[in-house]
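Think of it as A, B and C in the order they're written, each chain with its own count starting at 1.
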């Protein structure tokens, strides 16, 4: 039942070097008929009708409710429920896609329409062998952010209204999640010279993993920009009889403008949080209220382990051992090892943290988990020159090593030559 | 009539004194109770071993960060404690612990259970904030007057099991108007009496259950009837069920905090519940679409079939739900008739077998045809 | 087109190996008429029928689910069918509380020699389920 001739061709259409010397991107500008949502849905419908795809995974509204969920659609009419940009992130898209493809590929060609941070999670999960991307076509979309899930659940209508407003101002809204307000990866612009991340990026190929990107910025609800990132994306658009010769300059410059704003905010965020989380007392204070429900871990797309170490019984002791531990300080908190859980989880996944905010949304105690993990994650990612979710072929840093690296951490201060000058600057 | 001790101090101070004296006289090696974590309201259960540390204890603080039945299970999972340890729990937490002991997830030996006639707790969502002082005052005012504070957890507002089963000592709280000046602690068991032999306070003999307690019970029952009636009106039937669970993220937080759901690896977190490519394709063929990740209602109904009969209605599940599904109300509503059919009150008696683990030859004769 | 003429309910039967399945076998050898819409799953004992099997069948859109085991007292493993009975009571109770169609599930005792009973109860159940109409869950996407 394979439809279409979507093949896995993993060479991105340009190398990074070409990108730098390129002219403006080529794509297709589609005039909006009515509203963005409808135009995107029509596009998806065409993809199904013309058998370019067998099914497509989209965010959808559950009929007669204010709730959103992921829907794998084969029957085109179901796409009417789709909302490409729902006001909330329910299940992180990476997690959703992983639940579909974890056990090997389907024979069908499947598309998935997601926010950029979800695409990034998809790529991380692909690297961790939790998603099989062979028959998956990824569509990304410019994302203004989402409102916090708890706010939305409290008053869906009002928050949906606020969300609509925030699209107009593109992220400049207090109603959005704090983590979205500082997100500089809201679009799939191929490279961003001003981003500290990309300047550090080792491979240089700071290419997005999506096959087709849907640009909204600069379109003023009158047009949307389709940018085919990969050959597969190009082929797909060709099948829809969409020529890709339009200049996407308008979108590009608008993205760059917003990104600069966001980067400023992100820098300010780091200034603020680097002191907030420093020291055991400060760090512990943030997690004071943690009730050890592990919702953050369950919601995290990157935490994929079937059975988490911190849910296992490896950490239980005998009553006498507990008493002994308690006696050292006069009292012992239960459930045990709340901080160990958070720091431990951090050591497991911070390098792959895509700052999607799902953890913070899921926390019943409103602990700023995503902000803490981003504050730490950005630092370790910079240190390893790793950008999670950008490059499908890149290995996660802890799965590889060079014999000659990070000399500076081995024998600090003994005056020996270090071989990792660049990293040293960032310590 | 049962033995009791009377301490001429406010209820919170009196309980602290009791715990302090037990620790100081070395009758217990440690005590589990809530501990203040900061000045904004955060609390966590702690095992206190030092009497001086008890100044930070908040034994009757009206929040439940985790069901302490789970905490005691963690503590005794590897075996009974050799040294006596006390624990100040709410009645539903004791019931949860008894259910866990039945499932060999804990051990009651050497544990002194101290509980209270419980006024309920607030949802965790309002744990932190600047209004903690006034909320505390509001709480104790309503406990004294036996009013049902509408801000309490829903399961607390409708709880009729607020008189603890199996507690060795019971602190009188609900309906006690002079609790600011004196405190009565009932000694329900021989164990309780022995431990209380030389604690501060005067010995008396009083009746725990009486007019006031009955009144509160009636009030709570009325609440329960109301809440259930509302539930039946809105949530019955397939369509409503789908609607109610529509926002579910599948985070399984409800099962993680549930004291009865003790499995280290839950069936619904396991590979058996994951969809294979073939099943996805057949769903698509049949319905044209598939919700992803699939299986939320299966999870909730399945969990129900596993634990609703032992549900102690503590309300933790509703509290941790990031999308405000009234999980605890549903499970209580489903649990109630189930427990009635099997004549089972979870946590009432350690000797009572869990209904799904036992049978009688002559029962439900009309069920199999 | 009349729905009732074409509608064939899907019924899943969980049959214990020692009694009901043997009974079904006997019915087959005796060429008794069994509803064609019944899909039989053999389990070693009715006590093996996890309530989740029934739930899953129901949620996936099966129109009816039959649990069958040895008569009380006859269980090959002494007590499996007593456990099955409790689980069935529990499931029915949960269905009732949530307003789901509990008529779609049932428990029968069929011994190895009761081929006629097997033929009869399957026929009766199939007719009853047909009257109930298709399980609405078959169409429901948002589960």
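One rule holds in what follows: a residue touches a chain if its C-beta (ideal position, glycine included) is under 8 Å from a C-beta of that chain, and two chains touch if they have at least 3 such contacts.
Everything numeric here is computed off the predicted structure, so don't read it as measured data.
Given the two chain pairs A-C and B-C, which is bridged by the higher number of C-beta pairs in contact?
Ranking A-C and B-C by C-beta contacts puts B-C first.
Please identify which chain has its centre, taken as the mean of its CA atoms, farthest from the centre of subunit A.
C
Using CA atom averages as chain centres, what separation in Å is found between subunit B and subunit C?
Here the centre of subunit C sits 37 Å away from the centre of subunit B.
For subunit A and subunit C, what's the span in angstrom between their mean Cα positions?
Chain centroid spacing, subunit A to subunit C, equals 46 Å.
Which residues belonging to subunit C are in contact with no fewer than two other chains?
Those would be 141-142.
Where in subunit B do residues touch at least two different other chains?
242, 246, 287-291, 294
For subunit A, what residues touch not just one other chain but two or more?
62, 69, 71, 78 - these are the residues of subunit A that touch more than one other chain.
Quick check on the complex: what are the subunit A residues that touch subunit B?
55, 57, 62, 64-75, 77-78, 90-91, 95-97, 99-108, 149-150, 153-154, 285, 288-289, 291-295, 298-299, 306-307, 311-313, 316-320, 322-323, 326-327, 330-336, 338, 361-366
State the interface residues of subunit B toward subunit C in the complex, per the touch definition above.
Within the complex, subunit B touches subunit C at residues 232, 235-238, 240-242, 246, 267, 286-291, 294-298, 301-302, 304-305, 308-309, 333-334, 337-338, 341-342, 355-356, 359-361, 363-364, 367-369.
Given the complex with subunit A, which residues does subunit B contribute to the contact?
It is residues 29-30, 32, 35, 37-38, 42, 44-50, 52-53, 56, 65-66, 70-71, 74-83, 85, 124-125, 127-128, 242-243, 246-247, 249-253, 256-257, 264-265, 269-271, 274-277, 280-281, 284-285, 287-294, 319-324 of subunit B that touch subunit A.
In the complex, go through subunit C and note every residue touching subunit B.
Residues in contact with subunit B: 51-52, 55-56, 59, 61, 69, 72-73, 79, 81-83, 85-94, 96-100, 106-109, 121, 136-143.
In the complex, go through subunit A and note every residue touching subunit C.
62-63, 69, 71, 78
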